[in-house]
Every structure is written in C-alpha cells, then in structure tokens.
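Chains: A, B, C and D, in written order; residue numbering restarts at 1 for each.
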Amino acid sequence: MNIAMIGLGKMGGNMARRLSRGGATVFGFDVSADTRSQLAQEEANFKAFASVPELIAALPTPRVVWLMLPSGAISEAAFDEMKTLLAPGDLIIDGANAMYKDSQRHGAELAAMNIKFVDAGVSGGVWGLQNGYCLMFGGEKDAAAIAEPFMKILAPGADRGWTHTGPAGSGHYTKMLHNGIEYGMMQAFAEGFAMLKAKEEFDLDVAAISETWRHSSVVRSWLLDLIADTLQQDTELADLNAFVPDSGEGRWSVLESVELGIPAPVMSSALYARFASRGNDDYAMKLLSMMRNAFGGHAVSKK
Amino acid sequence: MNIAMIGLGKMGGNMARRLSRGGATVFGFDVSADTRSQLAQEEANFKAFASVPELIAALPTPRVVWLMLPSGAISEAAFDEMKTLLAPGDLIIDGANAMYKDSQRHGAELAAMNIKFVDAGVSGGVWGLQNGYCLMFGGEKDAAAIAEPFMKILAPGADRGWTHTGPAGSGHYTKMLHNGIEYGMMQAFAEGFAMLKAKEEFDLDVAAISETWRHSSVVRSWLLDLIADTLQQDTELADLNAFVPDSGEGRWSVLESVELGIPAPVMSSALYARFASRGNDDYAMKLLSMMRNAFGGHAVSKK
Amino acid sequence: MNIAMIGLGKMGGNMARRLSRGGATVFGFDVSADTRSQLAQEEANFKAFASVPELIAALPTPRVVWLMLPSGAISEAAFDEMKTLLAPGDLIIDGANAMYKDSQRHGAELAAMNIKFVDAGVSGGVWGLQNGYCLMFGGEKDAAAIAEPFMKILAPGADRGWTHTGPAGSGHYTKMLHNGIEYGMMQAFAEGFAMLKAKEEFDLDVAAISETWRHSSVVRSWLLDLIADTLQQDTELADLNAFVPDSGEGRWSVLESVELGIPAPVMSSALYARFASRGNDDYAMKLLSMMRNAFGGHAVSKK
Amino acid sequence: MNIAMIGLGKMGGNMARRLSRGGATVFGFDVSADTRSQLAQEEANFKAFASVPELIAALPTPRVVWLMLPSGAISEAAFDEMKTLLAPGDLIIDGANAMYKDSQRHGAELAAMNIKFVDAGVSGGVWGLQNGYCLMFGGEKDAAAIAEPFMKILAPGADRGWTHTGPAGSGHYTKMLHNGIEYGMMQAFAEGFAMLKAKEEFDLDVAAISETWRHSSVVRSWLLDLIADTLQQDTELADLNAFVPDSGEGRWSVLESVELGIPAPVMSSALYARFASRGNDDYAMKLLSMMRNAFGGHAVSKK
C-alpha cells in the first residue's frame, strides 16, 4: 500500500503521519528539506525524496499521488509536472482547497491521458492527525475505489467520516459549501459573543458561558469547544488586531449562490465582515461621511 | 428538597420528570388536568395540584417556585398571582424564554417584596430529559444559591452545563444570544444544504454528506446531528411548506444589536429569511416588480 | 400669523428664516444669545426672546409653538416646560427626529390637557431654506388645519412637498422610514462607488461618472447630485476617517422591521456598516481570528 | 452620418428613432419584419433591411454598427457574424448589458482584426426616447471619437449624460455598477414602502407620501417618481405576484464585490430578496422547519 504525498505542510505533513502510522508506505516530497527529513526521522513508513521526479520514479505502479498544495499557481504547476511524469492507470488525488470547476477541468484533462483523478475535500485542520480527517471526494468509481483504503486510514473511523460524493469536482464542491457553512457558523458565534461582551451592565464571564454551552445546549459544536478553549485563556483578546483573512472557499460559496440563484445572506454577510475587518470598506464609509455632510451639514471626522 | 413547577408542557413536563427522578419532590400544576395526572402516575416524587393556590399552600416554606410558561401575557399573569401568594424569603425561578428587560423588572418588583428571583435560560429542547438541560441563570447570590441544587439535577452533570451568569436579567440575556447564535447556525446550514441540493449536475446525496460531516469536520455540531437524522429519512422534504415561524429571542437579539451598536448581519439575515418565508416580503417584491415595469417595460407577473 | 420657534440650530434657524420671509411673525428662542440676535438682525419678521417664558407670554393666543430640538432629554424637558406655560387650545408642533412612539405619548399627554399636537417629520437638511422642506406631519385634523399655513410656507410649494399623514405619531413614523430608505440608498451608492474606485485596471474617473449618471440614468437622484458635487472637488477622500455616525431613525427603522416582521435587509446592512466603521465589530473579528488559529493553525495578526 | 442598429426591441427601436430624429441615417435590422417596417414607416431617416449581410453591404464605410441585442448566445452569434462581414477600420458599438469581461474579450478579438470596438452601457429604459439615454462607454480613443457624435444625439444633451470611461470593458463595468446601485436603491424603497403599508394603526396613504417625498426630500429620485406614478394608480398591488426576475448586472455586481474583496451587503441583499421571491429559498426554509421540529418539537407546516 504505497502513496505519494506532495506537500508536507500543516495539512500534508500530518496526513503523511496518519497514513504511515495506519500502515501505508508514504513517499514524501516538500520544497523544504528540513520538513522532509523531519518526517523521515519520525515515521518508519515514510520515505523522503529530494525531487518529485525521483519520487515518482521510485513509486510502484499503478501510482497513487496525493497533492496537498496551495490551490492556484503552485497547484497548477504540480498538475503540469505530473502530466509529464505519470502513466496511464496512475491516480492523482488533489486534496487542496481547489475551486470545483478547476477540479472538473483537471479531471477531464487527466481522463484524456487515461490518468485517474480524485478531488478530495479535507476538513479537520491541525486536529486531523489526532482525530482523523473528514473526507468528501469526487471522481470516477474506479478511481474512488483505489483511493478508498487511504481514505479509511485518514478518516476518524474506517466506516465513517468519509464519503464518495459523485463525479470529479463534486468533492471540492461539497468541501466548498462545508466551508461556506463554517464561515456562517463562525460569524454567528462572533456576533453573539461580541454582544455578550459589550453588555457592560452584566459584566458577563464569556469563558464560563462558552464552557456551559458546550453541554446539552442547542449550539454545542466543535467550534464552540475551540471558542471555550480560547476564552479560558483570554477573554479580552486585547493584543489582537481585528483583522481576518479569508481563503477561497468562502468566496466561492457566495459566487456559487449567485450562479445557482439561491439566497445565501449568511454566507455573504460572514464574508463581507471579514473584508471590512481589513479596511476594504473604507472608501465607502468615507463617501457616506461626505454625503452626510453635504445634505445635513454633519461634521466629518478627519485624520 | 421541594420545588413547584408551574406549567408542564413540552419543557416543564420533562423538567419535572428530571427533577423528581433526581431526588426532588415536585409540586406540579398545569391548566390541563390530563397532563397533571399523567405526570402524577408516572413519577413517584411528583404531586399534582388542581390549582395554584392549593399548590402554594401545600409547598413547604421557604418556597421555590419554577415558572415554565409562555412569555408574555400568561407569564405576566402568573407573576401577578405569585405576588399575592408568596411570602418574603420565597424564590421564583422564571424559566420562560423571557425578554431580559422584563426579567430585570420582575427582579426589581419582587425584591421590593423581599421575594427572591432567578431568571433561568434553559436550552436542550425535547432532548433535555435524556441529555440534561443547559442552564444559564441570573439573580442575587443568595437566590442563586437556593436554585443551585435544582440546577445540578436538571443539568447534564452536577458540575457542568450550568452557570450563574450575574444579576437578574443576565440569565435571559445570555439565553437570548444563545438563541441568536442558534438562528445564525441554522441558517448557515440551511443555505449550505440548499446549495448542495440545487447542484443538479452532481446529484449529491445530502444524507450521506450530513452524516459524513458529523465526524471530524469543522462544522460538526448537535444541529448537524439533527439534520443528518432528518435527511436520513427524507432528503426531498416535498410535503413541507417553506414556512418558518420565529419566537422572541431571535428578534430580541437583533433589537439588542441595534441598541448596543454591534453589527449582527448574520442574526438579522437569519431572522429576515424566516419573515420572508411567511410571505411578509410580498408587498416589497410586488413594488419592485412594478418599478421594473415602470422604467424598463419589463413584464409583470400577475395572478 | 404668529409662530414660536424654539431651537434655532442648523434646522430651526433656517426654518425661522423661511417662515419669516414667507409672511409669518416668528417668536424665536435659542440657548445661544448670539444665534438669537443674529436672526433678529437678519429677519424683519423675527422677534428674539431671552427666555421661553417671556416668549410664551408675548405670543398671541391660541399659540402655535414649533419645537426644533434634539430628540431625547432636551426635547422631553421642553415638553415638560410647555405643559406649564401653554393653555388649552394652544398647539405644539414637534419637528425633531423623534421616535414615533414618543410622539404618540406626547400627543396623548397633551390631549389630556386640551393642548393640540402635531408631529412633523422634516427633510431637506441644510438646503431647506433655499429649496423648501419636505414635510410629513401627524395629528388630529383640527391641529393639522392650524399647522397647515405654516407648512405651506416651509414646503417647496404651497401645494406640494407636504402631507398630513394621519394621527399623532404618523408623521414621525413616516419620517423614520424616509430616513431608513435614505440609509439604504446612501449605502448602495457607497458600495457602487467603492467598487468603481477599487478597479485599478480601468482607472475610472468617478467624478465624471457621477456627473454623467445625473442625466437620464435610472439612479439619478438628489443624493447622486450631492455625490457628484463632492467628487468634483476630491475623488480620493484621503484626509477623511472611515467613520460614520448614525442617528436614531436608521436604528428605529430596523427595530420597527423586527416588530412588524417585515424583512429589511438593506436597511439593517446599511446600519451595521456604519457600526462597523466605528470599530464596533472589533471583538467579533478578533474572536474569528482566534477561531481560525484554533482549528487551522492560521496565523493571528497581533498588535 | 450613418449608423447601423442591429436589434430594434424596446431599447434598440427607440434608440434608432432618437438617432434618426437627431440627424443620423439609421440602417436597421431586426428579426421581426413587422418591427423593421414599422420603424421605416415612422422615421424618414430610417432604412430597413431584410438581412444583416444586405445591411452591411449597403452601409457606407468606414462602418459604425451598433449591436443592441440580448447578451449571451444571441450577442455572441452577432459578433461572430460581424467578424465575417466587417472590414478593418469599421467600428462595433455593443450596447447590450454585457458582462465587462466579455467586452474586454470582444475588444481584444476585434483589435486583432483591426476592427474598432466600443462597449456602451445604456441607461434610461423605455423613457430614453423622450429624455435621452445616459451613456457610459469604453474603448480606444480613436474608437470613442467615432462614437461620440452618435452619443451626443442619444444623450439627454450634447454635453451631458455621456462619458468615455476608459479602455474597452470599462463602459460595461460602469454600467454593471450603475445597475448594482439601482438594485440597492429599489430594495431600499421597497422595504420602506412595505413598512409604511404594514403599519395598520396609521392607515397611511402611500400614494400621497410618495408624491410628497418627490419634493425637497433627501430620497427624491427618478425611481421615487416612478413609484409615485405607480401608487397613484394602485396602492394595494393585489393582482400582482410577489415574483421578481433579475438580469445579469445585479449578479455580476455581487460577483465583482467578491473578486475585489469589497463589501457589498446592500447589493447582495437586494439580489437575494429577488431570488427568494421566486421560491429559491424554499429548500432552505423547509430544512429550518425540520430543525426546529427536531430540537424543540415545534410543529411543522405541511402541504
């Protein structure tokens, strides 16, 4: 049971660990030599390679290659390289947070070369090594069948936490909406705790409340577990900036809602709140300020 | 260990059961004689009374009276009656989904009569009997201390799932935002599953996906557990109306966000989606339709 | 034709001017002696008074007193004073941006004293002196009839720009929603111009675009006229802070939407954007940042 | 001064009229023979053609061809046909509501053939013939210079209501956001009037209010003029369905906001309200209904 893992970052590294501990032999590559050798030292079933061509040459056929790279340019370059290295019958599993339309395209391009393709959405973050990863993957049935034994090792249990969702692209489509939901849930909690914290007359202990809610409440959830952990250590968050990045899947969920014509006010609100946290609403707000001045003579706040 | 439970509906009835099974003697009243006698038959530690005055007369002092009634007129009438029946040193616990400002008022009015008061937010729904209830309660320290042993029985564990949040009103304030968060989470899931279902080209199995997400995903939560149960039985929901009621706490959360000046776009979006599901957006949409016709000559859909 | 104007600020001062130029004798009071004497110098039909009691004593009966004061404490104090100074048959017109429920209360309290009451929503801002004021006023028919000749002077034309909306409170209710709509329109323009400005590849001239849109486009409007004026002078707004206050009526519109159960996503979005511009979303965003770190190991931006 | 107008529908027909009345000779084609002959009868300077190739053959060179067709497949087919019929130095003006990226592509494709290109956003709807059209157009300077005399005829005035926005694509980009703003303004009015209408205790005359607001209020605008006209005839709108279509530009505005990372909560809310009016929120609402039943035992509304 052999598998290549290309990309050994926060996600790929731990997935390689879980796979090798679960009985697979993992052929690993990362641009960082330190990362590679670290894993080789840790894991008996892990073999490090200094280049992708060397790795592919060593990997028994039919090959199974898991790409765990940032979506976009790096990922596209890896697909291009794979097309030159792999042979008909080999399988690429893309575990990146890729746009599902890109995965549909990858699937079609590889199918034309008789290379199999699986697009795998992976959830679980830095906790996946310990708890297992939640996996939703698309691809042709024969491709999915080859991927399945590896999914069973990565998942929280051999018979749960993974599903073959349908054709190529459907795995990343499902993951996209998983993250869209995640954005909405996070924003719901953020709003609620902000309002608990802002109610000065009650001087509420948000750490105690979050801990209490973990037990038998309707909002109990893993995100709440993490919030409780955070607030246990610091309820003020005074040394943080109110600055929240976003990655592709929140955005793609909103784009998809527009394409489908399905209302997604919570997902879009959650996304826009992050945009605004980064100052992207500044011009709009300045213009509002000028409008108020122009019609009502209201004072304008100047730098 | 004696407690009165006034109101034995879906919530109060099961709370009476859990209290009596946990060692308390429960003095119960409900407007329905059937409901009262049913509980008296079921539970050894439950005593049914045909009227509130009889119940209060029988209850050993200092009394502990839990009101579990719909907020608003019925609840207000019960408070008024209690003021005529209770004595200084007695304690009222209000477990209704009451507006926190009403609870602050109740607390002040009762304090003037030397009657103690606790406002208890109760989460857990119909599952509380089995899993325990999540409890967040406000009130003076001496009142909270009297309430605490009962809370420990109702909660999922003697040392977890309950918290004394602060002064009177703070319990219901906390519960209000618990439900505000719940509205947002529910809407996030609803949007995500609607978009999964609408993607015809993938013909996704939303039951399988919801079950998969329950394991190690970032969105795992009790609400997702319930969704998975629902979809296991029916993924189409074809015989349902797209009609969603709302109760007070979602509304109060939005009102509070405006009072505090804290953005709550997810909570308000979730609330407004429910309003629209009940046809409350119809006039606005008809007017839009007329505007499009007026400037662009676009056809109007007529009945 | 005599009328008192209490409060001679940005709004009240210009309204006094327009009334006196239109043929009314205006009995004016303001806490600022300078403001009073300035108006007395400017306007032949304007009489300044050093105190409200002196003014009321001089005003011929039945009196017409227009209050043009900030809503809230100052306004309430003025109502209280008026109750001690006025006589049955007199009329108070409240032109403040008052909450309509407060106006309903004022109307009922004054009716009990046989003092008439009109609540007048006034739009037009600092341009009202020149263009006339748009007026929507509530009150009993006999009160409205007394107010009408003054409304005809203030309005942009004797037969347009004013309407008697119905009972006391309905004037301010109508003005509240006028401003709610205004919030939504302003935010729509702000979003659109922000996106025009952000499109670097086109390097668009937003001043020219705003001027062009003023002629025959669907979005032509007075707010657009003001935007065009602003952008003609400065398209970058670089010396402004992205900080936008809000006053009561935007908030009340959202509260009312919740009470009525009518979706108002645009009004609430516009209001929340202003809240966020003032840093009120910071705690929520910090908590999001911590959640991303907790589940995904994503870096947190620290101060 | 010769120009071809391809597409003589609600927009193109009236534009042909305004051009021919303004001194241009218009060479017109439409798939409907009736439409063509109708215009030929009406306008002295209008020449009807039975096919596009005949029209192009008759049009003096260098040709100016205005396409006024639905964006998408029909429009793309017309571009393809034009590439076979036109010669270097000719000019295509696309007045459709096209996606700006498509216009950038068209511009590049035509430039490779030395055919000039202008993308023109046209606002004004069915009122354009009478009031003039608001025009925002992109393209190379030499192309814009050829288009300009025609723009001056179409615009509300030779020196206003039109602007050359920049390179190809920038005209449609500007028009896209014009419409995004329009969506937000329309929704703002729709919310406000819905709340006026829903306030039964005041029994407000929304027709009178809309007419009043047209004069000196902050919300005065052309959209309000149209609303006032509509409500003058019917305030109940009882025979309409609450069903609102949307066309591309509202959607594209939201997509662009996500690409740019600029919050557009008002534009997205306006778009989603239309989606929901067409029943597209039904599955989400049904799932909410089931969730409420699952955790709280709340009744579900069934068909």
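One rule holds in what follows: contacts are C-beta pairs under 8 Å (C-beta built on N, C-alpha and C of every residue); 3 or more make two chains touch, one makes a residue touch a chain.
Note that the structure is a prediction, hence the values are computed from the model and not measured.
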Could you find the chain whose CA centre sits the greatest distance from that of subunit A?
C
At the subunit A/subunit D interface, shared numbers over all numbers used: above half (same) or below half (different)?
same
Comparing B-D against B-C, which pair counts more contacting C-beta pairs?
B-D
How many angstrom lie between the centres of subunit B and subunit D, each centre taken as the mean Cα position?
48
Averaging over Cα atoms per chain, report the distance between subunit B and subunit C in Å.
39
Could you check subunit C for residues that touch two or more other chains and list them?
125, 127, 187, 189, 191, 194, 198, 218, 222-223, 257, 260, 262-265, 269, 272-273, 276, 281, 284, 295
Given the complex, residues on subunit C that touch subunit B span 218, 251, 254-255, 257-265, 268-269, 271-273, 275-276, 278, 280-281, 284, 295
If we count contacts the way the header does, which residues on subunit D are in touch with subunit B in the complex?
10, 125-127, 186-187, 189-191, 193-194, 197-198, 222-223, 226-227, 229-230, 237, 239-245, 265, 269, 273-274, 276-277, 279, 281-292, 294-298, 300-303
Spell out the part of subunit D that touches subunit C in their complex, as residue ranges.
123-125, 127-128, 131-136, 138, 155-157, 160-163, 165-167, 169-170, 173-174, 177-185, 187-189, 191-192, 194-196, 198-199, 202-205, 208-209, 211-224, 253, 256-257, 260, 262-267, 269-270, 272-273
